[in-house]
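In what follows, chain A forms one complex with chain B and a second complex with chain C.
Moving on, here comes the complex of A and B:
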């Protein structure tokens, strides 16, 4: 017998959805652990929303199975599924008050009136919507509408709450606040969140697990740290913001290090990873904040040191995005220089410099 | 009230002047600049000032605004209705002339059983027609919107198409189809399904069904528009929250298309209640409607005051129905009619 605790809250098995001319979801299999925040991250059009809508029952799949709590629910209609979706457009009922919107789901389930009143009161308190009960959605601010949409779904205590870019319509500052709020609510109610977003920062700060999707395929699943620090494919590395990607092959290994030759002909060093076979390696990536820029006079001895010339410096507030053209290959490398700490060693565009990163910072790519 | 007596006005002007001074340097271009300034002034105003503007404008509302709309309304709505109202209190002479003798006789005549019966029948026929139009038109519009896909517009066109033919010609066509010697009866007779022609025409149901045929598109159009405007994710949200398709229709689709329904009701009811051609061509003496009475008074009896009185009564009924519908449907119903 399988232990009940180990049954995933949501499981997708080889899910396939084809639209005319495009495979929106291409053999996706994943497991969402109970009580956790699981994010589907990917660029727009990667199929993440389609996958979510299939789980909600709003879209049919062509192949595969959807399981909630270990039960296959492929043929269960949307209104009988034990999950609830928060739409990107929120889809609040404009003709109902906040109260009526929130109690809608319970009324459909024929919950006794007294209990509905009690639970609506509780959830309105939890969401900080007190005093808004009699208002229409159009009389609320964006953040308040957001809370109503969440309350409307959460009140049903679904096995899983599906969130389809719920914060996309909010401005940056409000979005930050709502992220914190979402985290708090999730901790308090303990419901599994399946969160769809194209905002990597949002995914990194909210999730327990992130699954990166691209072109309908699942690229990598892991914790935020794993996804950010060790992206396994070029697409993940690119999407998550490690813009320095060097395709190449392993030419030597030993002493716990591997040496790669990039397509441009440079030698780069990375730490050896016992789980990875050298033939599978397709290159490395380095996060820009791990790339050091040193004055020209510094010696060239040691790993991963290259001469280059600064071609562009873009001020970003907390850092300066610096692009350096490498002498040896002509390729560009990006480094994020701390804009305040680096004051005494000011660089300027056109200057000859030395770039360096440690072997630990090289992340090995497999695809 | 003297102009200076409005304290809000001063404050608004002062604010606008200060604002313009502040901004004077950095406006780009005359045209867009002035627009931007206007928007900015309103947008950045403190809330209490905005409230004051609102009050100020409300105080000016007593001034009649004379524009094309007012002229049009006075010329083509108020004036004719005024004449009819005026005539309805006058007396008809022996030769059809209108005598300027005030009387309430015409209104008292409305209470006569014969006339009251015609009015009741008119109301009943019109309500029946409107209800049947709703029961047929709503599902039709629903079907076109939900399942029409890329053929939606073509299907809608098919609904409207008959409207482009003259009403009279269509009525005669129906008579030819369903008369005693019409196409339907002769086909059924020759098939041996009936032994004597069916009396399809010249009864109340013939009148009501012909009215339904004539005015159905006016129900379909506003309902169609309101269904098209329905946000599909609201239906998905409803299903997601556990509503069965049946409950979903009654809790989301129907309430959100109420405006279209009420607009359709007004649009169908108005031509029905004034119709006289359909009862004349499709009905017998027992299907007389109020419109026929007007016709009789004006043309046959040459009693314009009496006919005007019936017109006033019909207008009153229409206004009451419109008021009720608009009150029930709010702004949306009014917008859908237009």
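Moving on, here comes the complex of A and C:
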């Protein structure tokens, strides 16, 4: 009893789900802490939605266990599970009013009418849906529909709220607003959120913990900072946007630094990490915004300095995506130049430049 | 003013409509004519309507036709909806065969269905020819229609709604009653409205399986014509047009009212 607090809200143990020709979920084990926002992040088809549907009880698994609040619920049918899902399509009942949609779950639980009315009123206030009670879902805006879907699930005070890309159908600006809103709601109700998304920015800004999935496997679990700054595998690095990936081996270490030889034959420097053995290192990744571009005349002495030629500059608004072909290896490296800096130094495609990043910007990859 | 193509199209469309409606309109007009043969205009009268409603045989035939049609609607739409749900939602061996074999009665000539049913009732199972056999026959040729209309609707339904309902704590039955059925309702109503005229006005199959002395309205009309009661038959014909027309108008009304 003493460690009641440490029982995870949701736990998956060696979860396996096979579809004909593909293993959608491949021995996934994870723990979701109570009262936190946990994101399953990955490209479409990576198995994250399948995992969520298994937790909700809408899909059967082939192997493994699902636990909610420490209890194995493998054989509990969906309608008896203490969790609720917000679907990507929202799945609001089109033939019912907002009120009827929201009270549906409480009616199934045989809650007295007076209490239903009271709780529906409260959640409608919390969601800012006042005045919409008698409308049908088709008469609401996208953001309002979103709130109704959330209200319909939250009113049941589930142990965990499962969200399957709930913001995917909204436009960019609305999505931003709803992200803030979701965080606020989560703080107010204190319910654990298990959030499935393919949008790394969304996951980074919403989550307490992120689990990155790819091809049915769990690649890495960590805080948003850990996932973003120290992705441990090529797949995670690529997915999170640390798109400059240099496979290579450690050839020397000392003075708190390690030297790697990349497959292309260049030497790159990274900081030594006591937790990582040199033999395990498979390369490094660098975030494009950490790659500096300097005029050609700058000296070559120092770590991680390479000559190259700008091959492409793509204007992205707040930055200029600049692709540079490295002279030594012929490989491409991407740098995000601050738009203003880019204008000041007036780089242009075809120009010979010097590329540089500091050793602490090199992130060590293990797979 | 209009192009030649436009004029030609208008002409074709007008001719088509005339072709479709002139016989029917003629029949309705003559049902109000004072002419005994019902083929000339001899002044307005309602006596043919009075006559058919005072005629016990007609009343009886109309009553039977309505009872059969309504029973057929209820049984066929129910059976059709459940069948369609099973065909759509569940995977099992021979599903395609069943689906295709359900389509067959719709495309098969009536006379074949009629003959088959007659043989079935007299030789395979021993059901006496009469109202029960008529009812069974009607249900058997109407149900596939309901299956296909409801299946069509199912293909356009968001099935996550069922999952959402179960996720919110509703069991299968509640989900079916509160979510699935309301979503299927337009299709259920549409099949009811289409089955009504199909059953109500069927002659061929009914004639084969009716046996002796059992009449529905179409069979009554057939025998009345043989005895030369043209004028009264015109009035019956007008009823045949009016009832399904009312059905269609009702469906239209409901469609406009419903949000789905």
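In this section, the second predicted complex is superposed on the first by the 363 of 367 C-alpha atoms of A that agree within 3 Å, B and C clash if a C-alpha of one lies under 4 Å from a C-alpha of the other, contacts with A are read in each partner's own complex, and residues count from 1 in each chain.
To be clear about the criterion, a residue touches a chain if its C-beta (ideal position, glycine included) is under 8 Å from a C-beta of that chain, and two chains touch if they have at least 3 such contacts.
Nothing here was measured: the structure is a model prediction, and the numbers come from that model.
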Just from the overlay, do chain B and chain C fit on chain A, or is there a clash?
-> clash
Chain B versus chain C as contact partner of A:37, first or second or both or neither = neither
Between chain B (first) and chain C (second), which, if any, makes contact with A:28: first, second, both or neither?
-> neither
Classify the contacts of A:94 with the two partner chains as first (chain B alone), second (chain C alone), both, or neither.
-> both
Given the touch rule stated above, what does A:136 touch, chain B (first), chain C (second), both, or neither?
-> second
With the two complexes superposed on chain A, say which partner A:227 touches: chain B (first), chain C (second), both, or neither.
-> neither
Could you give the residue numbers on chain A that contact chain B in one complex and chain C in the other?
-> 56-58, 77-81, 84-85, 87, 89, 91-95, 104-105, 108-109, 152-153, 156
Which of the residues in chain C come into contact with chain A in the complex?
-> 158, 160-161, 163-171, 174, 178-179, 182-183, 259-260
In the complex, chain A residues that touch chain B | 56-58, 77-81, 84-85, 87, 89, 91-95, 104-105, 108-109, 152-153, 156
Chain C contact footprint on chain A (complex, rising order) | 56-58, 77-81, 84-85, 87, 89, 91-95, 104-105, 108-109, 136, 138, 152-153, 156
The answer for chain B against chain A in the complex is residues 231, 233-234, 236-245, 247-248, 251-252, 255-256
